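Two complexes follow with chain A in common, the first pairing it with chain B and the second with chain C.
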Partner chain A sequence: MTETVGNALVQERRAKGSAIPESLFGWLLIAPAMLFIMVIVAWPLAETIRLSFMEAGLGGEEYVGLENYQDLASSRRFHQTVVRTFYWMFLSVGLKLVLGLIGATLLNAAVPGRSLFRVLVMPPWVIPMAIGCIGWLWLYNGYFGVLSGTMQWIGLTDGPFEFLAHKRSAFYSAVVTDVWVGTPMVTLFFLAAMQGVPKDLYEAAYVDGAGRWYRFRRITIPQIMPVIVSMALLSAIFTFNSFEIIWILTEGGPRGATTTLIIDTYKKAISNYKFGEGAARAVIIVVLLGVFSLIYLFFLNKVNRHYGSGKK
Partner chain B sequence: MMDRYTKLQMVGIYVAVAIFLTFMLLPFFEMFMASLRPLEHLFRSPYQFWSDDFSFQAYRDMWVTVPLLGRYILNSIFISLSVTAMTMVFVVPAAYAYARLEFPFKNITLGIFLGVNMFTGAVLLIPLYRVLRSLGLLNTYWAMIVPGVAFLIPTGIWLLRSYLAKIPRELEEAAFVDGASRLYTLRRVVLPLAVPGLIVVSVAVFIGAYAQQFLFAITFNQKRELQPLPAGLFEFIGYQDVTWNQMMAAALVGVLPVMLIFLFLQKYLVAGLTAGAVKE
Partner chain C sequence: MATLDLLSISKSFGAAKVLHDISLAIEDREFVVFVGPSGCGKSTLLRIIAGLEEATSGQIMIGGEDVSAAPPVERGISMVFQSYALYPHLSVYENIAFPLRVQKLPQVEMDERVQRAAGILQLTDKLDLKPGQLSGGQRQRVAIGRSIVRNPKVFLFDEPLSNLDAALRGDMRVELSQLHRQLDATMVYVTHDQVEAMTMADRIVVLNGGRVEQFGTPMELYHHPRTKFVASFIGQPNMNLVPATVVAADASGAKVALEGGHEMVLPVAAGTLSSGDKVEVGIRPEHVEQDRPGLDVAVNVLERLGGTSIVYGSLQDGARFCASLPGDAVIAEGGSVHLGVAPEACHLFDASGDVLRRTSAPEIQ
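Coming up: the complex of A and B.
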């Protein structure tokens, strides 16, 4: 209450005291960033939409209407790619969240050495993604990778096992690498959130005789829920658009087993110079992600209302 | 008391931590082991976990096989630093506006910025290529910096905005009442107070720029001497043979400087993320 009165007073002083009105000043401050985004993102996006109605290549452009979209709609392979992309996203994001939660809980435990452990989860996050992938390329190698080596040693396989040469193992190998890249960030954000949970909540529960698991389920999880849901969305968008990992490991192979929408788009547009067909795929990515985010935000609102009551 | 663990629980925690960290660090360990093996050793069958011919030879040879290696390492850092600096120039004023000021279309424009998060460069490569070409930026450092900046501005605004919102309003208002101009208040009152937040956001932007330079480099730049490390590493894949051991050695040496800085900064970073990102 007093705050609003105070604010009103200041607003009044502001109006008198300053030369530039607040609304103009606000626009001036965001203008450079907005302009930059317009040129580098918005304009290319509009151009992508235009191209998606064209048959375009190195030779030139020709208007073909909805043909590119119709081709995609009737292509079974494309349907499989869409399904695969969502499977890839849900699986990978799910694993990142679960591992991140476990990791953050472990790193939050009051045991000697935890500050060292916190340092040691960071490396996959702070190196160029492409370089981490080269490491995994090596791990998955049938002849000189330690994974295949261990499997032979135990006797799981007779000879070298090439993880990236078989459809199924290639897909799950790519998922593991993606999880590896994404987990440290999720872990650190969850850890940060856990440290923000008021201590007295735990103490009160402890005094009432609540066990560790109960406290985790009934205090930690609800308290960090807002961070979990926003990390989930962010992580879902990253994973859906994840390009470098798959590209370096398999280039979408073998026989399309790891081809997600983004890989498909890149292959069409950049590798095969079919700009129009690539653009149509890009538009579909944007639409799918947009719809997914809206649905998600709708539920996020509900969750926030459910958990957020009584806070702030 | 409450935080006490029994012996058994302690063992459980350490075992779980060990498994978790093994997953996180295994590729680095494996890269290191590969870098120590002589090339002809790599194809030995059956697989050998250990052998007596490990050497650091690859760490010497790599500079000869790929003469520009040192340049690539520096390029990587230079590109990321430039992206960070340029991003912050755009982010700071915008984040302040979203944290403090009221202006028309505030929510809509913020929504546009955050919507950018939904794309990655990979979706927009062709038109982006054309934009960069018409601006004359292809095959320059700018070709790798400019797209990086665009895709990091939204995250930067998002993180810094929540940080700035926590700075007590009273200080600005006091300056204001004393007749300071808006710009002066921003520069002399708000920014000095926001230094910890600025550092955290810069570090986060740097990580983003450093992690994702591969795609823009292979698509928008053909000049070898401008390539960042991730793209340059592929030069170890030659026409005749792949010097894997040197590639691994180069990868490890290449990321070492940045990694050391981060390990050093991590405590600060985790604390900063808490402050900036957690509570809206």
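Coming up: the complex of A and C.
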């Protein structure tokens, strides 16, 4: 009864307070954001989809239907690029997560000077990526790089070794650089999540006789699992779309060894002026990431149900 | 179950000494409550017993065995935390079974122990739920269940009821007292709430500034507080401390003049006092009577609780004075009232805050 009277009063106040209908008022509030999204997301996306059905270049556009997609479906090189991209993503993200977890655990430990270490972990993330990558270019240089020099000094190689000149070493060198750039963010997110785990949980487990590894496995990991899953997705999207690192280090070479989907798309659309083919690749990237996100949401939901506190 | 002995325990955090040479002997199956204001060191002392903090000096004996250097799991203790420390991602069953999983106990024995604890704590139908789906009282019971399954020698409780609302706290107090009887276990319980201490404890340790002010039964603390601090800490509402001057004193009693000139002869062992000494008379609000010669009190606030009326007033010099009078007492806010007390109900404290033993107070067994 009281609730009904209260609701009526609220309705009355609302009616008196505004001449604009409530639904219109709501639309007005979200209109700026909607306009913004339409201009910078929806329109370019629609335009990309349209272009993917065209043979488009500097000379003009011609409708070709699904031809761009058919070409991609039958291209062995494109298949290799897709496989390489996923391998690149899983390897890099896996390393970032493992290193991030180890780093966060160490930074969360009660060791002297940990505040200093927390600051020292930031530079790869904070300094401009291009500058960081140029640093790595020099590190990988066969004649002037410290890595090649060290390898010669300890006798691993007879002479200068150009890390970025060989297919396999170039790929893994790019992975290392990507991990170097991406790990600090993962580490700091894991660290923040670990610091949110109540100290009492560890003390209770310690009183019950649980050792460090048991506490890490049975308390820390389940408690930060939602953050691990979130970081896995975010990191996967960033890595999948990672462009600058590969472009600065190798431009996708040598002989396509570091060409991922995003590099391939850029080369096709911007370097070769084949906008239609490039757009088809971009659409495939959107679809793949869309599927990936759906799988992620499914798992996140599962994880939250499994590791959550049961609160409604 | 076992005895718990603390021998000269001291604890410092850097330059700050928080516990000063604490020695206690807790009997087997005794329910002992550490009580004191915030920062008095009661939780630190409990954590030292648990093995979560290391004492700077001193020894801890459980069941006659020195466990000072032993990790918590080897001390034969279990602890219930203020926050309950339940694992939010685990079910009630898994929370209770946690210590048993650590011990790698066979599944059959684990089931049996968890079911027994759940039965005692009326959690049998909640075992599949997660902590987030339980009420505060149920969560508290799960935390206690996790302690029970380990069959510890000593149970430690760190302010376990402070997160509950007043009504539930009352219920849980009764449940914990029943649990103590049922388990017949040695229990050490930390609280800042003197009502919890008085209602649950076999004996109470009153701590202040890292020192033991008094260790005794609840009624001993109530009738024979050793210091002014204990006297004012135990009892609800707090004891009034009225400044007075000694007129005459001998071994059988002390004649004192209260503020306002009223004189009383208090039956205390006052051999150490002499005429002119400044003292304080301790008067419990519940011992105050209306229209009895004594003090003129201005009534500032009057709380009618039905059975009793609590008067918050002030004396002529502005000092606060509280009285607990019958519910139908004829008093009005803004007026004044004559309040007195029987001399044998009064406590007398010397200038250093130590009590002069009452000679006519009830003897406590």
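Assume the second predicted complex is superposed on the first by the 278 of 312 C-alpha atoms of A that agree within 3 Å, B and C clash if a C-alpha of one lies under 4 Å from a C-alpha of the other, contacts with A are read in each partner's own complex, and residues count from 1 in each chain.
One rule holds in what follows: contacts are C-beta pairs under 8 Å (C-beta built on N, C-alpha and C of every residue); 3 or more make two chains touch, one makes a residue touch a chain.
The shown structure was predicted, so the numbers you read here are calculated from the model rather than taken from an experiment.
K.L.:
Are chain B and chain C a fit on chain A, or do they clash, once the structures share the same frame?
P.N.:
In the arrangement built by aligning on chain A, the partners chain C and chain B fit side by side.
K.L.:
Is A:Tyr214 touching the first partner chain B, the second partner chain C, both, or neither of them?
P.N.:
Touch partner of A:Tyr214: chain C, not chain B.
K.L.:
Measure off the angle at the C-alpha centre of chain A toward the C-alpha centres of chain B and chain C in the combined model, and quote it in steps of 10°.
P.N.:
Approximately 80 degrees at the chain A centre.
K.L.:
Give one of first, second, both or neither to describe whether A:Val82 is in contact with chain B, with chain C, with both, or with none.
P.N.:
In the superposition, A:Val82 contacts neither chain B nor chain C.
K.L.:
Counting only touches as set out at the top, which of chain B and chain C does A:Pro222 meet: first, second, both, neither?
P.N.:
A:Pro222 sits against chain C, while chain B stays out of touch.
K.L.:
With both complexes overlaid on chain A, does A:Tyr206 touch chain B (first), chain C (second), both or neither?
P.N.:
Both chain B and chain C are touched by A:Tyr206.
K.L.:
Examine A:Val64 and indicate which partner it touches, taking first as chain B and second as chain C; both and neither are also allowed.
P.N.:
Touch status of A:Val64: no partner.
K.L.:
Is it chain B or chain C that touches the larger share of residues in chain A?
P.N.:
The partner that reaches more residues of chain A in the superposed model: B.
K.L.:
Taking the superposed arrangement, what is the smallest distance in Å from a C-alpha atom of chain B to one of chain C?
P.N.:
Minimum over all C-alpha pairs of chain B and chain C: 5 Å.
K.L.:
Go through chain A and flag every residue that touches chain B in one model and chain C in the other.
P.N.:
After superposing on chain A, chain A residues 203, 206 contact both chain B and chain C.
K.L.:
List the residues on chain C that touch chain A in their complex, please.
P.N.:
50-52, 71-73, 77-79, 81-83, 85, 87-90, 98-99, 102-103, 129-133, 146, 150
K.L.:
Can you check the complex and tell me which residues of chain A touch chain C?
P.N.:
198, 200-201, 203-210, 214, 218-219, 222-223, 225, 306-312
K.L.:
Using the touch definition up top, name the residues of chain A that touch chain B in the complex.
P.N.:
These residues of chain A touch chain B: 10, 13-14, 17-20, 22-30, 32-34, 36-37, 39-45, 47-48, 51, 99, 102-103, 106-107, 109-111, 115, 117-132, 134-136, 138-139, 143-146, 148-149, 152-153, 160, 180, 183-184, 188-189, 191-193, 195-196, 202-203, 206, 226-227, 234, 237, 241, 243-244, 248, 262, 265-266, 269-270, 275, 278-279, 282, 285-286, 289-290, 293.
K.L.:
For the complex, give me every residue of chain B touching chain A.
P.N.:
1-3, 5, 10, 13-14, 16-17, 20-21, 23-28, 30-31, 33-34, 37, 42-43, 45-49, 76, 89-91, 93-94, 96-98, 101-104, 106, 109, 112-113, 116-120, 122-128, 130-131, 146-147, 149-151, 153-154, 157, 173, 176-177, 179, 181-182, 207, 210-215, 219, 228-231, 233, 244, 247-248, 251, 254-255, 258-259, 262-263, 266-267, 269-271, 273-274, 277-280
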